[in-house]
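These notes open a run of structures that come right after.
In the two assemblies presented below, subunit A is common to both, partnered first by subunit B and then by subunit C.
Up next, the complex of A and B:
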């Protein structure tokens, strides 16, 4: 080995070893713990030499179909809605602000600082401020009285009402139908491109799934009794606070992207007779799509593992507005159910992987393309 | 010449080593969550300890956070890491027993109780609560009462209602008040205050003995009586405000003063809040009664200290425990903390009006432990039970909630 290579290895080795232990070993350890019964018996949970037994996927089946774990299921639903609305909100508001700033208004630097400023706060601070503002009898609800109107009575963080409710028992049915329909679209797309193998595989899978959804799905019951979950109105306040915090960041991303578009392209579009709206629609937005993707990845993993904002705003014991990360903490460190907590952690890891892995794959492929 | 600085350094090092070892002989680390308002009470105890044992350095390892939410997590890390504090705070009863005693991590204090004569100084019901498996596991420092109903005397007079004595009577009073335009006759706050209310409805309906049977495993949660009590709890919750989960217990207490609600069920730390923070006179600015159906019962919770196995400074820790259990120690601590002494022989002249009435009841009532504050249920039950209450408040399904509670109890090993 050359001296340079040796140096490279020597310098990199410590961090590789440390990451190996403190990231990957501990991920493996958590997954292992999630397959045991550590903590189910209080006498063993904190004992000096706990007896830990292997129970396979029991903790996972408990979480998804156990009688006591309704809270976790509501949290999964909350996370889904939170992620969708949070990403849409940040992208929409961020793009809007960036477009306005791109027109070089007066005091642009000042505005940029103002919009970016919330990001410098931690979620726990943001949460505390917004909790004050969204008090049922104060803050935002008192705002109409400034105009002489009666105060609003919306229960921002304490509402128990939800919309878009569905029965948890129908989850397998919904999942199978959605995936089946997506596969069907893929099959149609592949057929148009003339890729026969792909068409066939996608079509067969779609047929199987939809067939299952029609004939078997309706009879599958995860729980003995129906259990309704939906988008809880108490989450609205948390989504607003999160969007407030992170939309400045998407604004900065988009602004950088907009500034990176060469003036020649815009001029060329104008020469071709494009109106403003057309220029955005056909020239600028397509060029911004990589930025949208990376913003979605970053916002997506923030929203999946969000903890502190919810802890500060809704409190740890408010099921209506809770998230899996919060439940993981409470299960592990208050109930001492380490295995169950590890299972929730593993599910979170899998959810984050859904977001990150395609992105990483995309990145590596890109790098290979340009050696 | 060149060696002399080295020699000097050696001498200094040796001198340092002897002084630190001398210090190490007298060191004590106390772990608690008494920061903020409760800090001065702890300081008073530490001061007393220093007067008695001047050579001991006391390390006050306080982790702030209400009800020990943060401290308990730090404690777990330290215990599992093999560096337990010399003595740590825990709610007396199952919260300590169900977490640390069952795991075999605590020392039995029975002999200390015998040598100090504490089995007679503390009420028998209390000694029963802090005992299990033939051992006594912690020294209670103070006692709080949780079955108190607070009200605003002037407002009750204006509305023309009296304090209800039983839960059915409470529901009637609630209907009367609603007719008079009080939207929420009862005020509740965030989840744990609802659990607090739940246990008061349970004890008021099942009676003190019924409550004890529940935790001894003699009565199941699915018993028709318990399911019926859940239904009563649902009716009581119908009297309550809708924005509960956003309110702290202080904000809920404020609504009694403002007259927005008529009643609040809260522990007697509310008395401290009303008198100290709100500057109200006991009996005039605010009134109190035992929670409906619990007149001859004292639902207690207590802070206590235990001795973990492997404590570095065991002898100093035992001296600390002796001080905590002594009459002098308890009377130094409790007037400042706003609680009463667990001992029955405390000097009542040091306490305020409310505390005097509570101390009298402490001697004359049947004492049972609180679930919401860790006396009768282990952590694993308490923490998960919050979800059951939340679910029940949303669905009002008594049988379902009772079944869920029973499943939790089985998992937590209650009654085994």
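Up next, the complex of A and C:
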């Protein structure tokens, strides 16, 4: 290796060491702490030399099936619904705005500025603003009076109603069925491609899971009593605020994508007699699908760890509208239950890793070996 | 049978499309701007003029005192944020520039794997490192000091700043570096004479991005600081969190806290968008 390359390695070394400690070692520490009982006994939490015992997966089973941790389970459900609606909202609004701006209206720069400025605000500022907008007797609920209608009475951030309810006890059943069906689709896909090994593995796994769901699943009970969770209506306001802040981002992504489509392609489609709708359906949207995937991944990891927006809008103690990321902060730094907090942090990491690791692996797979 | 006015169909549909386009734009713009109207309307009211029922009315008499009062409460935190954001931004921009240069112009075996491992740090939920980070900062004696916060922001900023500079330098022709090598220049000379001088656009993007991120961050701010070193995001959350507070104060506070990043965005919007797009990882 030449001297210059050695310098390159030397320049990178501090960053690599810092990332090694601050990311990988700290993650390891967190996972370790999550397997202990540190802080479960308040007397030991802040002791100078706390007695910490190894308890295995006890914190995790407490979170998923313990009597006291219903809040966490509701938060997990909140996060999943939040992620779905937030991504759909941002993609829909962002794509719509980008398509409109792609028609070259006058003052395009001004419109873009208006749609993107919330991106530059912090979630705390956005949350403060929208909390005021969504006051029970104010803001949005008063808006109908401007048109002479009676004010709305929707309890934006304080509602306890929820829809799409399910019993937490059926979670293993639901999970097994969903994963089983997905595997079944993968098996069919692999069979079409003629990949025999993959077909067989996917089909066997799917059969096992679905078999389990049919014969064993219905008898599994996580909790002694039924516990209902669903999409809490108090989350709607938070989703709107989040879409307000982030849809400009998807607009920018889509607009960059649309501008990158060569004019000849559109011309060619027109020459072939494609109408506008057909051109979008068969030419433009397929070309935008990598952008959609990339936006879903970025938005997905943001939404799974969203915390400050919820803190600013619903406050830390609103159990109906809370998320695991907020619970982790409160559990660890208000109640000093470090082990439980670490377990929540680890669960969050696993959720995010599901989204990010395949993406990063895919991004860099092709590149290695092309020096 | 209704009589259809006989105009050329394509032109008419074009006109209709045009009208529809602007209509949709205006509706969308309202969605984005109405909250801002409400913020200013509230911030400019006197506390006793704020009633939920008249939230939409523009104040009869403008009361600018809210801003002075909000500054009294969060001004010190604004200065904390300014020091924090400027210092952390400069440090992480320099680090990112050197890393990006080393990774893109002096490629070695495994550089991409190393880089992918670094990038992972950009996506992790910080809740997964918060407890050890808190302990570490405490053991360094930096808890409650702004330097602990700076350290955290610089380290967790490494992935994104490296990414942006790596992509920026990838567009710099290798021939430039090769020519300098033939002239006998080494690693540092090439950086100082060739790379650094053409890096200004890269630095602008990274500085805007990092400044905005650090200024807006909340989790580290809430965990690693105490009253004397809290940045403005935390102060604002406290100001707005109370129940008895009259709303003109948090609204004025929100405007103050938003102003620096908003100015950056309005003045340097083009580069801001470039940073946004770079954040979506184009390997």
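Methods note: the second predicted complex is superposed on the first by the 366 of 371 C-alpha atoms of A that agree within 3 Å, B and C clash if a C-alpha of one lies under 4 Å from a C-alpha of the other, contacts with A are read in each partner's own complex, and residues count from 1 in each chain.
To be clear about the criterion, a contact is a pair of C-beta atoms (placed from the backbone, for glycine too) under 8 Å apart; a residue touches a chain by one contact, two chains touch by 3 or more.
Not measured: the values here are computed from a predicted model.
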Contacts of A:334 with subunit B and subunit C, given as first, second, both or neither: first
Partner chain(s) touched by A:320 [first = subunit B, second = subunit C, both, neither]: first
First (subunit B), second (subunit C), both or neither touched by A:52: neither
Subunit B versus subunit C as contact partner of A:171, first or second or both or neither: neither
First (subunit B), second (subunit C), both or neither touched by A:348: second
Winner by number of subunit A residues touched, once subunit B and subunit C are compared: C
Touched partner set for A:40, first subunit B, second subunit C, both or neither: first
First, second, both or neither for A:155, with subunit B first and subunit C second: first
Contacts of A:70 with subunit B and subunit C, given as first, second, both or neither: first
Partner chain in contact with A:295 - subunit B first, subunit C second, else both or neither: second
Common interface positions of subunit A, toward subunit B and toward subunit C: 135-137, 315, 333
Subunit A-facing residues of subunit C, complex: 17, 21-22, 24-25, 28-29, 31-33, 35-36, 38-39, 42, 52-53, 55-56, 95, 98-99, 101-103, 105-108, 112-121, 123-134, 136, 152, 155-156, 158-159, 162, 181, 186-188, 212, 215-219, 222-223, 233, 236-237, 240-241, 247, 250-251, 253-254, 257-258, 261-262, 264-266, 269, 272-273, 276-277, 279-281, 283
Subunit B residues touching subunit A - in the complex, by the definition given at the top: 69, 72-73, 76, 79-80, 98-100, 102-105, 190-192, 242-247, 378-380, 383-384, 386-387, 390-391, 393-394, 400, 403-404, 407-408, 411-413
Subunit A residues within the subunit C interface of the complex: 1, 3-5, 7-9, 11-12, 14-16, 18-19, 22-23, 25-27, 29-30, 33, 93, 96-97, 100, 103, 105, 111-125, 127-133, 135-139, 142-143, 145-146, 151, 244, 248-249, 252-253, 256, 294-295, 298, 301, 304-305, 307-308, 311-312, 315, 324-325, 328-329, 332-333, 338, 341-342, 344-346, 348-349, 352, 356-357, 359-361, 363-364, 367-368, 371
For the subunit A and subunit B complex, residues of the former touching the latter: 39-48, 67-68, 70-71, 135-137, 155-158, 160, 225, 234, 314-320, 330, 333-337
